[in-house]
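Both complexes below contain chain A, partnered by chain B and then by chain C.
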Partner chain A sequence: MGKTLFEKIWDSHVVVEKDNGPSLIYVDRHLVHEVTSPQAFDGLRMNNRKVRRPDLTIATMDHNVPTTDRGLPILDQTSSIQIKTLEKNCKDFGIKLFDINSSNQGIVHVIGPQLGITLPGSTIVCGDSHTSTHGAFGALAFGIGTSDVEHVLASQTIWLEKPKSFEIKVEGKRKNPHAVTAKDIILSIIKNIGTGGGTGTVIEYSGEGITDLSMEQRMTICNMSIEAGARAGLVAPDEKTFDYLRNREYTPENYDFLVDYWRENLKTDSDAKFDKTYTLNIDKIVPQVSWGTNPGMTCDVTASVPFPEDFAKDDLNQQKAAEKSLQYMNLKPGTPITDIKIDRVFIGSCTNARLEDLIEASKVIKGKKVSQNVRAMVVPGSQMVKKKAEEIGLDKIFTDANFEWREAGCSMCLGMNPDILSPGERCASTSNRNFEGRQGTGGRTHLVSPIMAAAAAIEGHFVDVREMDLS
Partner chain B sequence: MKGNVIKYERDNIDTDVIIPGQYLKIHDYSELASHAMEGLDPQFHSKVKEGDFILSGKNFGCGSSREHAPIALSHSGIKAVLALSFARIFYRNAVDGAFLLPIEIEEDAYHGISEGDEIDIDVKLNEIKNLTKNQSYKMKPFSEIIGKIIEAGGLFKYKPD
Partner chain C sequence: MDAFKKIKTIVTPLDQVNVDTDQIVPKQFLKLVQKSGFGKYLFYDWRYDSNENQKPDFVLNDKKYKNSKILVTGDNFGCGSSREHAVWALQDYGFSVIIAPSFADIFYSNCFKNGILPIKLDEKIVDKLIQESGEIEVDLENQILITSSENIPFEIDPYKKKILLEGLDDIALTLKYENEIRKFEKDSMIPSVL
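Showing the complex of A and B:
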């Protein structure tokens, strides 16, 4: 019987295989950031260990960096300490760091691909759950905790229980690909399979609905695999993948040789069997908006806030969860989604802050102004995204419309830096999690695509972007 | 291992409510613990006692990979979390750092055990005894290596065969 892409990558990285329980897996790339690494480096020091492969380890600071002028000092003392600690750790252990002043600084999952550090067929880990993003390139990439970060620093390996394989086929064609985006596809998937639907699996996304997508859109899909509980998401690499990574700063010298190998080997065999499959047809999908406090609590922009009993379908736990969510979100069942007024807009995060995301978002705001009662910000995913966006004049389009145009970082996705919601504020956000308090204590998050967020900023409430002029 | 149960009858308790993002800059574990579960239950810190257990539904610990989550619970005194299922990163973090035991239970334990019940967990027999209600339930056994990592006291004390 043939093998899935996941099994091929897994098999080529096994150091020690165990039948019952985790196997020891080799790690090709280890990405490090300031929040989940300090204790790991402390652990190395305590045990007189070195970083085994500093050449395969890359660090940046993204989670708590301010997104204001980089020339200003960092006012939050604890953030400042965490950032300085990463600088010292990288210096002491000989690790390449893109620091806060580097033109390559940015969200770790945005800079990996843009620098050509993320490669097909490789294994990538990072102390961050959205490491699944890199799977868009056919890499087996997953988030780990700090103990495992220390283990990888010390040994370049990780004990990992072999996940099950899960194929999600995305069939059909989007009717309006500007208005209905990769974000709407992945939110639809999570809405249908649930936040635990992918637990313990590696998802391989396949089908015309995926191959049609650009690399940056595929990253949005793989990024949110973790929100369905999956360890990782994967897309088999194709010519788009190989073109995207060509001539990047860290693209390997023997690139064409590698591409020939990848083209030949990095695909699921036709007779391979997945442990689980799910098919979504996207012919008729419409823009999605989350209404609750997990990403599975999502509906069509044309729908209304659901009644908990309808959402739960006889699952009492789900019904209670929906009731609590609606209470937290201060939403009444039956309210049309397009009647929900918003206070804030956040265009950013490792899900949706790449150049294409910003280009798409800019299409609905040209010549318009942000609604009077809304504060809207754009936080590019990396300093390089910011620079490229400025080269084509996006900054001007956004600032002319009264959006704030900020420096790169994770920002309001997780509320670690000063970019947070005030209690009770409602935000249209292009990020990945609408958990209670995620964007600030008492803040209310609605997950949407960049173009839906931009349109909501202009109108002051959610709108169906399919009805807007996107020419 | 005996203790009392704090029950959260819901699925999908995420690591953002276990320890909100704004506290991830804190290095002092007892200070971190003072904010444990703050996003869901602001009373948690005042009611939790050393040796308590948390009981919850499906997909416990979903979301962010922050190891601060099991650390904050562990330093609050929580020795084990019993749940219908766990998000995988939380599960591994709990085991690898030897912070607490992630124990997978079945529906009978989830519904049978109430807030405040005293229970006795025997990981050798894979059994949970409810001392308050005089009931017992099965727990799902740990896989071989996970069991060995737990026995060794964490990933760095574990020596492969």
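Showing the complex of A and C:
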């Protein structure tokens, strides 16, 4: 019987295999950031261990860096200590660091691909659950905890039980690909399979609905695999993948040789069997808006806030969860989504802060102004994204419309830096998690695509972007 | 890591599904650079109001459960962020066993690195344990939970069981495979970054 793409990558990275229990898997790329690494480096020091492969390890600072002028000092003392700690750790252990002043600084999952560090067929780990993003390039990429960060630093390997394989086929064609985006596809998937639907699996996304997407859109899909519980999500690499990574700063010298190999080998065999499958047809999907406190609590922009009783047929626990969410979100069942007024807009995060995302968002704001009651900000995913956006004048379009135009970082996706919601504020956000308090204690998050967020900023409430002129 | 010992305490019932790691430890506490002292931040926004007063209706603030070492909770516990700080907080607070119908993958893996035993049980059994909120004895060696009325067996991977029971340092164990790792590196076709 044939093998799936996931099985091929897995098999080619097994260092030690046992009859029962986990296998020892080799790690080709280890990405490190300031928040989940200090305790790992401390562990190395305590045990007198070195970093085994500094040449496979790359660090940046993204989670708690301020997004204001890079010339200003970091006022938050604890943030400042964490950032200095990473600088010291990288220096002591010989690790390449893109620090706060580097032109390559940015969200770790944005800079990996843009620098050609992410490669098809490789294994990539990082102490961050959204490492699944890199799966868009046909890499097996997943998030790990700090103990495993230490383990990988010391041994360049990780013990892992082999996950199950899960194929999600995305069939059909979107009628309006500017209005209905990759974000709407992945939110639809999570809405249907649930936030635990992918637990214990590696997802392979396939079908016309996926191959049609650009690399940056595929990253949005793979990024949110973890929101369905899957540690990793993959897309088989194709010519778009190979073209995207060619001639980047860290693209390997023997790239064309590697591409020939990848082209032949990195695909699921026609007779391979997945442990689980799910099919979504996207002919008729519409823009999505989350209404609750996990990414599965999402509905069509044309719908209304659901009634908790609607969930009782599945599970009483789900009904209770919906009641609790609506209370937190301060939403009344039956309210049309387009009647929900917002206070803040955040365009950013490893899900949706790449150049294409910013270009798409800019389409609905040109020549318009952000609603008087809304404060809106754009946080590019990396300094390079920011620079490229500025080269084509996007910064001007955003600032003319009264959006704030910031430096790169994770920012209000998780609110570790000063970019947070105040209690009770409601935000249209292009990020990945609408958990209670995620963007600030008491803040209320609605997950949407970049173009939906931009349109909401202008109108002051959610709108169906299909009704707008997007030419 | 300390070896996992038999324990017997009252269970703390947290009757909620999809408890994410942002709730277990909110982000404002992730800036610390050490592993210790996270217990006071556990479920922070659920435990305290904006003036840092305890919220009386949250289960952890009920004195009855003060000495509990066993948390019983709903489906998909520990979903979301990979932050190991969530496990450090649970451990520092005093929990050493978490029982749920299912766990998120990264959280589940993080537990074993810190001497916490996560136990997966059928949803009906978990619901019953939550309703009873009684005393349970956890015997990892024999993979059994002993309640006042019954003995409930549970499954666990033998390697993970050994790690917990012996309190092993898995990096030291891995480094014994130096020859295998070196051979893998020699044959690998993925080049260095730098």
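Keep in mind that, in the parts below, the second predicted complex is superposed on the first by the 468 of 471 C-alpha atoms of A that agree within 3 Å, B and C clash if a C-alpha of one lies under 4 Å from a C-alpha of the other, contacts with A are read in each partner's own complex, and residues count from 1 in each chain.
Operating definition for what follows: a residue touches a chain if its C-beta (ideal position, glycine included) is under 8 Å from a C-beta of that chain, and two chains touch if they have at least 3 such contacts.
All of these numbers come straight from a predicted model, not from anything done at the bench.
Superposition note: with chain A as the common reference, chain B and chain C are in steric clash.
In the superposition on chain A, A:Tyr250 makes contact with chain C only, while chain B stays out of contact range. Contacts of A:Asn192 after superposition on the shared chain: neither chain B nor chain C is touched. When the two complexes are overlaid on their common chain A, residue A:Val15 makes contact with chain C while staying clear of chain B.
Residue contacts after overlaying the shared chain place A:Gly200 against chain B and chain C alike. Taking chain B and chain C in turn and counting the residues of chain A each one touches, the greater count comes from C.
Of the two partner chains placed by the overlay, chain B and chain C both lie in contact with A:Leu414. When the shared chain is aligned, chain C comes close enough to touch A:Leu56, but chain B does not. In the superposed pair of complexes, A:Asp28 makes contact with chain C only, with no contact to chain B.
Touched by chain B in one complex and by chain C in the other are residues 16, 18, 20-22, 24, 35-36, 38-39, 43, 47, 63-64, 76, 78-79, 81-82, 127-129, 143-148, 150-151, 159, 161, 163, 195-196, 199-200, 226-227, 229, 231, 294, 317-318, 320-321, 324, 414-416, 433, 435-438, 441 of chain A.
Chain A contributes residues 16, 18, 20-22, 24, 35-36, 38-39, 43, 47, 63-64, 76, 78-79, 81-82, 127-129, 143-148, 150-151, 159, 161, 163, 195-196, 199-200, 226-227, 229, 231, 294, 317-318, 320-321, 324, 414-416, 420, 433, 435-438, 440-441 to its touches with chain B in the complex. Taken together, the chain A residues at the contact with chain C in this complex read 15-16, 18, 20-22, 24, 26, 28-29, 35-36, 38-39, 42-43, 47, 49, 53, 55-58, 63-64, 76, 78-79, 81-82, 85, 96, 117, 119, 121-122, 127-129, 142-148, 150-151, 154-157, 159, 161, 163, 195-196, 199-200, 226-227, 229, 231, 250, 252-254, 258, 261, 294, 317-318, 320-321, 324, 414-416, 423, 433, 435-438, 441-442.
On the chain C side of its complex with chain A, the touching residues are 16-18, 20, 22-23, 26-28, 30-35, 45, 50, 74-76, 79-85, 87, 102, 104-106, 109-110, 113-114, 157-160, 169-172, 174-175, 177, 180-181, 184-185, 188-194. If you check the complex, the residues on chain B that touch chain A are 9-12, 14, 16-17, 20-22, 24-27, 39-40, 57-59, 62-67, 85, 87-89, 92-93, 96-97, 143-146, 149, 154-156, 160.
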